[in-house]
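Two complexes are shown next, each including chain A; its partner changes from chain B in the first to chain C in the second.
Here is the complex of A and B:
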């Protein structure tokens, strides 16, 4: 049994490799289809670059070779986890990414956990009060949040909590110059995390709430809920043990999808809140045609998303014993 | 004579729907003594399953409501108890098994967890004793390799095994009354007999009273001491099983027996009761069975007959039968 699960894990991990490589290859060619390259950008920044100089830059970056050669060189390096050097910043791409990745991962994980927890609690609460005013209130609120753009919500949260109430920081990840260490540092980061994580999470809270409510109501219609009542269990116990675990699968599925979306969504939120994560790095790399950096980020983020989906599959198995990983 | 285990008096259950109020159970009275098995038989829509749910106060409200009557278990009126008090009755003093054991067990929890839940809830058994007790119960209901089965999930078990698990769960607290709602309908014929035998055996061993709810007259003949025949929410006939089978007084009972005993009919012909159960929204003015009745008089279509004894312990709701007895 345990051995079978381990085998499943190894196989799934191996499956990740071709998927990620395919994504990288696709990205490589898609990015090349856009006109202009980093040499154009650099030349433009210098203002008086000659055509020879631009060509020289291309030669230096290896951009003058045929596309297929460039591709194989890139993929060859990738297999040794060499993501190359950022054309613009002249720093290894992996260094730039590892510098930013933790901030983004913290933000994403916090907002996923926040969204799932809040969505589940609200969804269960609404389902248990189906048809009451509380149920309608939760549903309407969810709809309003669902329809609100994240960046606008972020700005409004800053206005309310940072400017009017002055209880939360408006941006950044740490208090600059405080030089905090250990637990105090972690607390400081958590403090700065609240608004951006809430902004990223709220849209999904709305979706999870709706999804959880519907899923719970479906489970409430099943026979084993009557059995649980006939056993003498309280409605609270029935909701949180018998119904919840059966109703959770769709939410877990969506959490995997959310993880992928968040990488995109975090660009906006990281910009609004000045959060030093991958989102801003992507944005800059895209504007400046920093191909190596862009490909590196896409490689890492696709690996993160594919891994997140693996985790979702594993959670399925934990939640529902009928799902057996073979 | 000692007081009956269960005494139902004038039980009336209504469902409010968009089309109007429906009386699913109408002024039903009966008793079950210690060690006695009473069967309620009737077609779908006769209200028999609603009776089962109403006894445990599990009729979904809304739309259902118990509008009148008394349900006394060992002289205690269940309909006046508050929510916490009735929960102490459910699963402990009055337990229920359901038609479809696949649907009635929670798919995501082990057998041990689902049976053990009752033991912990009602008997406050500590965790380490729960497993032993669950194994003991599984052994009692004839589950082979109970230690292994206890750790398995419902989907690992066959239909017959699942129903045994349901029975073990219902018997966990040695209830005074066991309600079996179509306990064998979803099972193979060979398994049906085993499950019925098991219920009978445990009944005498534990001194329970059993309320058997079924549409299947063959299992009634083998297991029940007394039979209550229901039609459109009303009791139309009651009597000792042997008497009912030998000498049905109500034309509906006669029809049910005729339909069930087709093997004995001339030329093995399948006999059925003509017509269908009337819509609850369009009940006939007189006797609700009159439109399907071969012996109905003009009076039957105008006035609804009341229950009256045609012999000692043989109440029948039929003008014709009452006339004949006079």
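Here is the complex of A and C:
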């Protein structure tokens, strides 16, 4: 049993490699189709650049070689985890990414936890009160939030909580110039995290609420719940200990799939709240044609997403021991 | 004909779906005839900037003194156009993939489904942003980018339907009389496989509109056309003083997407009554 799980893990890890490499290849060729390269941008920034100078830059960066050669050189470096240098910022790509990754991970993880927790609680609450006003209210709210563009919701939350009520910061990750350390710093970040995390999470709260409600109602129809009731267990105990565990599987699946989508959402949310994360860095790199940086971010983010899917597979086995990994 | 009237009867019983259909009808009407009845160029400076809603400008003016109502009406066209076109394109590609994979199975299925899973793994909004930025924002590239990230879910669904149908007696019968594969796929199985696909495609219009608004909010929309997301992006700079300027186009997106979702769910209940959730 243990050995089987280990084998499964190794096999899944081996499956990850080609997927991530394929994503890198797709991105590589897609990005090279863009008109203009980093040499043009740099030459433009210097103002008085001649065609020779631009060509010289290209040569220096290896952009004058045939595309397939550039590709193999890039992939070769990637195998040693060398993501190259951002020519615009004159800094190794990995340094730029590691600088931003924590902010994005904090935002994404907080949002996932918030979304799953709230979604599960609301979904269970609605299912237990099926057909009542509370149930309808939760369902309608979920439907409305599900139709709301997240970036706009973020702006409206800023209007309400930062501008009108003036109780939460409207952007950034820390109070600038406060020079806080230790616990005070962590608290400050948490304070700034509330609005962006809520914005990113709310859309998924809506999805999980609906999914959880449907899933709970399905489990409520099963025999073992009837047995539990017959044993005289309280409804609360049935809901939270018996039904929940069984109803949770679809939510976990979806959470894994959506971890990747959160990155897309975080581009928007980071823009709205000036959150210094990867999403913002992707967008800036794209506008500046900083291809090495862009490829690096896309590589790291797809690795994160694929790993998240793996974690979900493992959680699956914990939730439902009947799922044996073959 | 009788099928359609039962369908309508079932749809009509769902109050949310009817409300959604009415609302959606209003938005479509605004998109079709709005710019004709209210022929103000949404890019024209018509008055003082940042005026709140008033009698002369029903929804006020934006930061550059452009009429917001004109922007809303023209934006409705773009949102609906891109939403419908992108989900149509995604449906065609997705059904083609799913039909071939499901009908033939074997290595065809393996190859097509690996490609599908690959596209499901890439963060979709990120891919859309990359595609639009690289090929320059226009209605065509935005539509294509949204279609590229949307088709995999249709492919999976269509594949499931085709797998379920291909073993049925009527398909065996068609094979026995020597009907060519394309005819079985297009004329025999397709009509049976389509109902769930139609539901997913109609819901996809809503997602496409949300994606389009996100792209144009970031400045990745067609620069020659006003869209709701673009209007929010412009109004964002004056959020502190004129919050209603970004509130209005956002509310339009919300209402439109909500209406489409309600209609989609109504369609789902009407087309697949047995699957109806409690």
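Annotations
Basically, the second predicted complex is superposed on the first by the 322 of 326 C-alpha atoms of A that agree within 3 Å, B and C clash if a C-alpha of one lies under 4 Å from a C-alpha of the other, contacts with A are read in each partner's own complex, and residues count from 1 in each chain.
Going forward, a residue touches a chain if its C-beta (ideal position, glycine included) is under 8 Å from a C-beta of that chain, and two chains touch if they have at least 3 such contacts.
Just so it is clear, the structure is predicted and the values come from calculations on it, not from any experiment.
Superimposing the complexes on chain A yields a three-chain arrangement in which chain B and chain C fit side by side. Looking at the shared chain after the overlay, A:224 reaches chain B, while chain C stays out of its contact range. By the touch criterion defined above, A:171 lies against neither chain B nor chain C after alignment on the C-alpha atoms of chain A.
Angle at chain A between chain B and chain C, computed from CA centres in the superposed arrangement: 80 degrees, to the nearest 10. In the superposition on chain A, contact of A:274 is made with neither chain B nor chain C.
When the shared chain is aligned, chain C comes close enough to touch A:298, but chain B does not.
Once chain A of one complex is fitted onto chain A of the other, the partner contacts of A:250 are absent, as it touches neither chain B nor chain C.
Of the two partner chains placed around the shared chain by superposition, neither chain B nor chain C is touched by A:92. By the document's definition of touching, of the two partners only chain C reaches A:264; chain B does not.
Once chain A of one complex is fitted onto chain A of the other, the partner contacts of A:232 are limited to chain B, with no touch recorded for chain C. Which of chain B and chain C touches more residues of chain A is settled by the count: it is C.
After superposing the two complexes on chain A, the shortest C-alpha to C-alpha distance between chain B and chain C comes to 14 Å.
Comparing the two interfaces of chain A, the one with chain B and the one with chain C have no residue in common. Residues 53, 56, 58, 87-92, 95-96, 98, 100, 103-110, 117-118, 121-122, 153, 155, 166, 169 of chain B are the ones that touch chain A when the two sit in their complex. The part of chain A that touches chain C in the complex is made up of residues 19, 22-23, 26-27, 30-31, 33-35, 130, 143-144, 146-152, 155-156, 158-159, 163, 214, 217, 257, 260-261, 263-265, 267-268, 271-272, 282-283, 286-287, 294, 298, 301-302, 305-306, 309. Those residues of chain C whose C-beta lies close enough to touch chain A in the complex are 118, 120-126, 128-131, 133-136, 206, 210, 213-214, 217-218, 229, 232, 236, 239-240, 243, 246-247, 250, 253-255, 257-258, 261-262, 277-278.
Chain A meets chain B in the complex at residues 222-224, 226-234, 242, 245-246, 319-322.
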